[in-house]
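Heads up, the next two complexes both have subunit A, just with different partners, subunit B and then subunit C.
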Partner chain A sequence: MDIEIQNITGQPSDNKINITSAECLSVQMPYERLEAFSAAFESAGGHVFTGAPIYYKRLNLKVHIEYLRKWYNSPLKTGDLIQQFKLEDVISRMSKLNEKETQKLNYIHALLSDSQHIAFIDPFLNTVNDNIHLFHKMKAQLLNQGKSLFVAASRLEDALIVQPGVMRLNGQSLELVETADNADDDSSLNISKIKVKAHDKTIFVTIEDIEYLESMDGKVYINLGSQKLVMETTLQGAVDQLAPHGFYRCHRSYIVNLHKVKEIITWSKNTYSVIVDNPEKSRIPLSRAKFNEIQDKLLKL
Partner chain B sequence: MNITRVMAIFEKDLKEFMKNMMLFTSVMIPIIMALFFTRIGGGQAELPPEMLVIVVGVVFTAVSFSAVMTMIAEENEKDTLRGLLQSPATIIDIILGKSMVVGLMTIISLVASILIISPDNYWTLENIISLILMGFFFLCMGIGIGLIVNSVATTSVYLIPIMFIFGFTPYIEMIITDPDHIAIKIAEYFPLYQNLNILNGESGAMEFVILAAWAAASFLLVLWAFNKRKNDE
Partner chain C sequence: MNLFKIRATIYRDIREYFTNYAVITILLMPPIMALMYSTPARNIEVNLPEEMLFILLGTVLASVATNIPLMLYAEENEHGLLRMVTHTVPDLISSISGRSILVLLMTAVNTIVSLLIAGQLAVLNWPLIVGLSIAALIFLNLGLIAGLLAKLQSTSTVYGVVILFLLGMTPIIETFFLDQGHPLMQLAKWTPVYQLMAIHNNAGIMPYVIMLIWLALSVFAVYLSVLKRGKTL
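On to the complex of A and B.
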């Protein structure tokens, strides 16, 4: 199945997104293109799952699964699905369940769907870690069934939850986000603040307040819990400056403050996230090659 | 058409019908009305055919018409169809499945209320044919309007006028007493009057032709609404 990129971006381009069976694509694209993407994916014959599921609020989860199973004439068994996806309450009405439970119905629906190509739009925006594990379970099963999975995420860190190889949609084409690992330098500077520009102001940020830094579209963003600021440097420059303060480049596009790391989660054999100790519990991607090194660093901190 | 899909929709909607108080109480309305009517006059006098026809009108408007319209409108409103509708053929499966649920509920409601009234010589072949034709007419009208409206709230705009015009047609004689008035002449071509004539045993072929015409017109409404919806998407 092919999707013309110009249908999504509205800019002239001959390039296509090629979707092959039994393969998974994880793509970061700007938020405002997601809608055009789902329309294009749907008209090409794929099945798109967006955000929170809209189902029949008076019926319970079991009736839903039975219904979808019959509708798509799927060989999967209702009881197995209930167990696999750890559905706790299959008797109460949908309107009484929390979003965490109803989200699982989307994963089950994707498995039951008779469409060869499945797309999820921003599946990790409002989710819990348990459901991300289930999402990976669903991914493995979908690929096993010979279906394709396309994950479109507006945030790079979400796209990287799916798999380490991530593409980015720019104006004309899909390009691979490089995830090669770079060597770190060691230069110790004894400073406690760094200079950051926001519009016309220059802000001095206390280094230990920084949660993580990310590089996007050639700019480096500093995340300070509640706010995001642009820093006029490269990510490598930031690493040089911040490494002595306990910062670590856990991914080509991310630097994390090791003092703020709460835990590391393994989603699958080669996808990992670092969880930051903030109210949002931000998930920062972690390269496979850095998985052992970051643990050493955290232990020696 | 895919029989397994029709059956999947039928089972799902039957369960939803039972849990939706708004739909479920509509099945009870004609039955309660029948209970009230039989108490009139100490329960001895035979109920006049006009009253029987009103009960039938309520069954068809409150159950057949209203329920199918609400069910389709609810799917529209919540966009639950979008994920399932990958081909235009599936909308026919959905409509068929829902019509089966509503058809079953109509039969339950109609038979129960008529049994409560228990009139003589009601289940004649002519009357059953006229009831089937009327059921088809009201069901199609509900499907057609259900496909056009976007929300459950909008359905009530259609429900009340259609209930009064098609469900309570014989009541027009209480408002307009002049039997030669143009409104009465028009009302005599409405479906319920045909049913009344058939019940009174005054029917010829004309009544059935008129009922068939109403049924055909409502089927055209469904086709039109179906195309309109397809073009909108």
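On to the complex of A and C.
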């Protein structure tokens, strides 16, 4: 299945997104393009699932699964799906269930769907870790069924939860998310603050308050709780500067403050996340190669 | 049309009937009305007047065959529920077929139960059964048209009540004691329930012809509504 990029971006382009059976594509794209992508994917014959599942509020989960199974004439069994997706309450009306449970209906629906091409739009917004595990289970099953899975995420860290290789949609084509540049910068030790820019101001940020840094579109962003500031350096420069303060480059595009790490989650064989100890429980991608090293560093911290 | 999808829709709608208080109320309304109308007649040992009998039959048609699909589609439109599985016009046609089969079945059951309660089951003869079947299709089509085009449940209630009073309970106009030549009376004589009354009174082929014209027009309007709704799936 091909989707013309100009249908998503609205800019002239001959490029197409080629979606092949039994393959997964994880793409980061701006939030404002998700709707156009969704429409283009559907008009090409794919089935799109958004973060908010559609359901009949008076019916229960079991009836929904049975209905979808009948509608698509799927050979999958309702009982097996209930067990596999750890559905806790299949008797109560959907209106009485929490979001964690209703989200599971989308995963089940994707497995039952007769469409060969499945897309999820921002599947990890407002979700819980248990459901991300279930998403990975669903992904493996979809690929086994020979279906394609396309994940469109507005946040890079969400796209990286799906798989290590992530693409980004720019104005005219899809490009592989590249390694942050490795330019050398002088590191300065024994400092407690760093300088960042916010509009026309220069702010001095206490290093220990930083949760993590990310590189996006050639800029380095510092995440301080609810604040996000731009740092005028490269990611390599930032790691050189911050490594002595317990910072670790856990991914090509991310540096995490090890003091703020709450846990490490293994989503699948190749995908890991570091969970930051903040109210949002931010999920930072962790490269497979860094999985053992970060654990050593955390133990020695 | 896909048989699996038709069966799935029937399965889901049956569950919906049992959990949706509005649908349950609509299903109970004609039998309760039959009881209310027939009890005084029975007490004074007279037959239920013909107008009342056909108001009852019209109410079954307008409430069950029209209002149930109308309400269900309006709710699905308002909450975007159709998009759960319906993404193409053939899908929509399958879902309409499943819903229609169940609604027609419920209309038939409700008609028999209501007539039984009213003690009027004997009025059912083959000509009237044929007439009622055509009328059920007409009222079903009215429900589908209004339901597919309704964007909100609140507006669907207005459509439903208008159809119920104007087309379902048409014989109520007899209680206004208007002249037979009055424009309202002339207009009423073209409505489906009046054709049923004419069939009951052995008025020949004309009532069937009028009802078939109604049916053809309503089928065409359903076709247009499906095309229009199909564009926004």
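Operating definition for what follows: the second predicted complex is superposed on the first by the 291 of 301 C-alpha atoms of A that agree within 3 Å, B and C clash if a C-alpha of one lies under 4 Å from a C-alpha of the other, contacts with A are read in each partner's own complex, and residues count from 1 in each chain.
The criterion applied here is as follows: contacts are C-beta pairs under 8 Å (C-beta built on N, C-alpha and C of every residue); 3 or more make two chains touch, one makes a residue touch a chain.
Everything numeric here is computed off the predicted structure, so don't read it as measured data.
Engineer: Should the superposition on subunit A be reported as showing a clash between subunit B and subunit C, or a fit?
Structural biologist: clash
Engineer: Check the residue A:Ile264 against both partner chains and state whether it touches subunit B (first), subunit C (second), both, or neither.
Structural biologist: Neither subunit B nor subunit C is touched by A:Ile264.
Engineer: So, A:Arg93: does it touch subunit B (first), subunit C (second), both, or neither?
Structural biologist: Once the two structures are laid over each other on A, A:Arg93 reaches both partners.
Engineer: Which residues would you name on subunit A as touching subunit B in one complex and subunit C in the other?
Structural biologist: Of subunit A, residues 47, 54-56, 58-59, 63, 66-67, 70-71, 73, 93, 109 contact subunit B in one complex and subunit C in the other.
Engineer: Considering the complex alone, what residue numbers of subunit A touch subunit C?
Structural biologist: The touching residues are 42, 47, 54-59, 63, 66-68, 70-73, 93, 109.
Engineer: Inside the complex, what are the residues of subunit A that reach subunit B?
Structural biologist: So the residues of subunit A touching subunit B come out as 45, 47, 49, 54-56, 58-59, 63, 66-67, 70-71, 73, 93, 109, 115.
Engineer: With touch defined as at the start, can you tell me which subunit B residues reach subunit A in the complex?
Structural biologist: These residues of subunit B touch subunit A: 4-5, 7-9, 11-12, 15-16, 19-20, 78-80, 83-84, 86.
Engineer: Inside the complex, what are the residues of subunit C that reach subunit A?
Structural biologist: Going through subunit C, the ones touching subunit A are 4-5, 7-9, 11-12, 15-16, 19-20, 79-81, 83-85, 87.
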